[in-house]
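Per-chain numbering from 1; labels A, B and C assigned in written order.
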Amino acid sequence: MARSITNKQKTINTAFAWGIGLIIFFPILWTILTSFKSEADAIAFPPKFLFFDWTLENYAVVQERSDYMRFLWNSIIIAGGSTLLGILIAVPAAWSMAFVPSRRTKDILMWMLSTKMLPAVGVLYPMYLIFIKMGLLDTRIGLVIVLMLINLPIIIWMLYTYFKEIPAEILEAARMDGASLGKEIIYVLTPMAIPGIASTILLNVILAWNEAFWTLNLTAAKAAPLTAFIASYSSPEGLFYAKLSAASTMAIAPILIMGWFSQKQLVRGLTFGAVK
Amino acid sequence: MATKASRTAARIMMAPAVILLLGWMLVPLIMTLWFSFRNYLPLRGGDLGFAGFDNYARFFSSSAFWPAVGATMIIVIGTLIITVTLGVLLALLLDQPMWGQGIVRILVIAPFFVMPTVSALVWKNMFLDSVNGLFAHVARFFGAAPVEWMIQAPLSSIILIVSWQWLPFATLILLTAIQSLDSEQLEAAEIDGAPKVKRFWYIIVPHLGRSITVVILIQTIFLLSIFAEIYVTTAGAFGSKTLTYLIFQRVLESQNVGLGSAGGVFAIILANIVAIFLMRIVGKNLDS
Amino acid sequence: MGRITLDKVEKRFGDVQVIPPLDLTIEEGEFVVFVGPSGCGKSTLLRLIAGLEDVSGGQIRIDGNDATMIPPAKRGLAMVFQSYALYPHMSVRKNIAFPLKMAGMDKAEQDRRIDNAAKILNLTDYIDRKPGQLSGGQRQRVAIGRAIVREPAAFLFDEPLSNLDAALRVGMRLEITELHSRLKTTMIYVTHDQVEAMTMADKIVVLRAGHIEQVGSPLELYRRPRNLFVAGFIGSPKMNLIAGAEAAKHNATTIGIRPEHMGVSKTEGMWKGRVGVSEHLGSDTFFYVHDTGLTDGITVRVPGEFDLKSGDTVYLTPDMTHLHKFDDKGLRIE
């Protein structure tokens, strides 16, 4: 509402909102701070907030002891790979649904979304069995495929909504101008949809990065990403707070930054357009 | 844009996605259904033949079933109440004019991007631990005895962790909904003489109604299958075993695939009941 | 180059017949306008010619060759869309170059044609801008530029002026007409605005519900509308249509007389009535005359100014040489 408001009211709003914002953010902040403490400072009573000996030692120890880079690399490959593979499959499908709709398009889209709602645990053993039979257990390629499949409905859905915003006449113009279907998609549709495709990639990298059912149950040592790496801290290393914090900070930092850029897409991607 | 050639192209280009999702849905689903009628114990002789409805009977009558249903419901409902209530309030607050709105938004949304294993472990160890946790420190500071959160109140602890993760989601969606409210509507109501409280109840709340429904439905689907938060905190101990976790234990820990699959079929049916309501809303929106 | 023949072309969407079998020939170099109320199938017909929709039956020939199954990209036609359909991520130059690039034309020839088109359309100053930075009229010119560089067999225009404001529309109308006389390429132009049709066309095709009601030059349509629909559709303000006893006097079911073909007098004339609303445009004056006992309201147009007020009695005298007669099927009687 474009409405003038007293500075007093605005100050109260600001103080209140910042207070609550900081409370909500506090666990993350505390984790980041703790990651720079010595183990003794980390559990000190009363808690040390900013005045302690800042150290990077924990990061070094975490990397050295548990080969953090390997888990990070697995996470990158699994999240990035599953998203890109998903995009490659979803772009043509979303093009079809957005620009050549038929009577069944809506049903197909709804059905695709509904597959997203299947509880993973319901099909845990079959997936486990299939993975063993196909030699995919504890492989990155196996996880890339599974995460691609669980996120494919969201990718298709998001691209579909973005493509719908592109006027069909522009694609028809390209066709009149002599572009084949492939050229139409490469030269006209994709450049116009770049912002939408980028947001879709962003959100799905986040979802894949944080996925913690299949990554925990279908990996052991080789292909385990950061979710599993952190889970291994549940005991007894978890008691070393500074190291746990360092490991956690490293696991969430990249995605936290990406997440802040994708707030708006979050709504679009996760509500399937039910909220506008 | 509808020539025979383009329709054919569309069908071809949709085929990979449709086939993959169809396979992804049907193959494991049929296998689960099949296993649920078999007496299947991979470590104790493998497939021991047809079991009829024995697995279902045993799953539903086992002593762990009802507690698991109870734990699941407490977690889902508790989290929903907290996230929706706080979400509405927070969304209303964030919609007010203030300095640094963007930054506050970022602070509030951040927990959603923390991977579940991290948030569960950080909360469990650094906040809820009865010796060195921050909550214990605070309790001691006030002279109270620290609480063994994970043992004495495991469900509340899990609700706290999960609510922290999902509050941003509820807030963000409700904020989007509030911001989509036509401000002319509110101004018209103001000119019509409706005081602030009435404007909230008669205009904002009905407007938010559908968004709240969507938040509830989507969260329910995700909350029914929370896993990592329990896996790394209590591992299902102390009465915090949810349906998802129970099924997981039956399948992978005790390797009773038949029994676990019967539970899996139950979980799928449960999720589908919620999904039907959600898909109805989505479908309506697709039409308009 | 540019003779288009439609032979029993029809279009159905499912069970709904949008265009019943239809024959039409568009001669080389002609400016043909498809006109009709919205939903009459004129845009669909254009899209069939373009190849953006499949025909359900019949044959489309371009320069004698069967083009029915040829994809739009290969028909050698260029189209200007209602929304201009410019590529928003490309500069004006790139937009215009796109069809040439798709055709694999060499760079020097591309540049020559683009510069030439830019000069014709006064686009040289904007050539490196993106469409988003252009006004409606400029965008329209870019869309036309993109069409002319291809040197197509025919241009297709789909209501190209409907997004422009009234003043600009008149200007662009002239520009397109001038372009036609310069290029002498076949143009097919779709509009719902009969003024555009009358001012631009060599040949007008009046469509209703997918049927061709009449084909002819603007003045043929004006002078000898073949049926009641065309009589009512062509001309502004609309022709007065009178049924009943007055029509029977002329051995017709309905008679029609255009507002400009009536004499007006304060004292004597054939039909007596009372002035309702009057509109004074300066150049002309329109009166809406009631209580004539003929039909609900009669519109009459008088050149210049004429002093009559609301409520005054007025006498109208139709010019019998411009009287149109229609039979009980609505068809013209000669």
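Here, a residue touches a chain if its C-beta (ideal position, glycine included) is under 8 Å from a C-beta of that chain, and two chains touch if they have at least 3 such contacts.
What you see is a predicted model, and the numbers here were worked out from it, not measured in a lab.
Set side by side, B-C and A-B show the greater C-beta contact count at A-B. Chain A has its Cα centroid nearest to the centroid of all protein Cα atoms in the structure.
Averaging C-alpha coordinates per chain places the centre of subunit A 54 Å away from that of subunit C.
One simple way to say how far apart two chains are is to compare their mean CA positions; for subunit B and subunit C this gives 59 Å.
In this assembly, the C-alpha centroid of subunit A lies 16 Å from the C-alpha centroid of subunit B.
Counting partner chains per residue, subunit A has residues 172 touching two or more of them.
Those residues of subunit B in touch with two or more other chains are numbered 1-2. Among all residues of subunit C, those that touch two or more other chains are 52, 71.
Those residues of subunit A that touch subunit C in the shared complex are 167, 169-170, 172-180, 183, 187-188, 191-192, 194.
Across the complex, subunit B is touched by residues 51-54, 71 of subunit C. Looking at the complex, you find that subunit B touches subunit A at residues 1-2, 6-7, 9-11, 13-14, 16-18, 20-21, 24-25, 27-29, 31-32, 35, 90, 93-94, 96-101, 103-119, 121-127, 132, 134, 137, 140-141, 164, 167-169, 172-173, 176-177, 180, 183, 186-187, 210-211, 214, 218, 221, 224-225, 227-228, 231-233, 244, 247-248, 251-252, 257, 260-261, 264-265, 267-268, 270-272, 274-275, 278-279, 281-283, 285-287. Considering their complex, residues 1-5 of subunit B touch subunit C. Within the complex formed with subunit A, the subunit C residues making contact are 50, 52, 71-74, 77-79, 81-83, 85-89, 98-99, 102-103, 146, 150.
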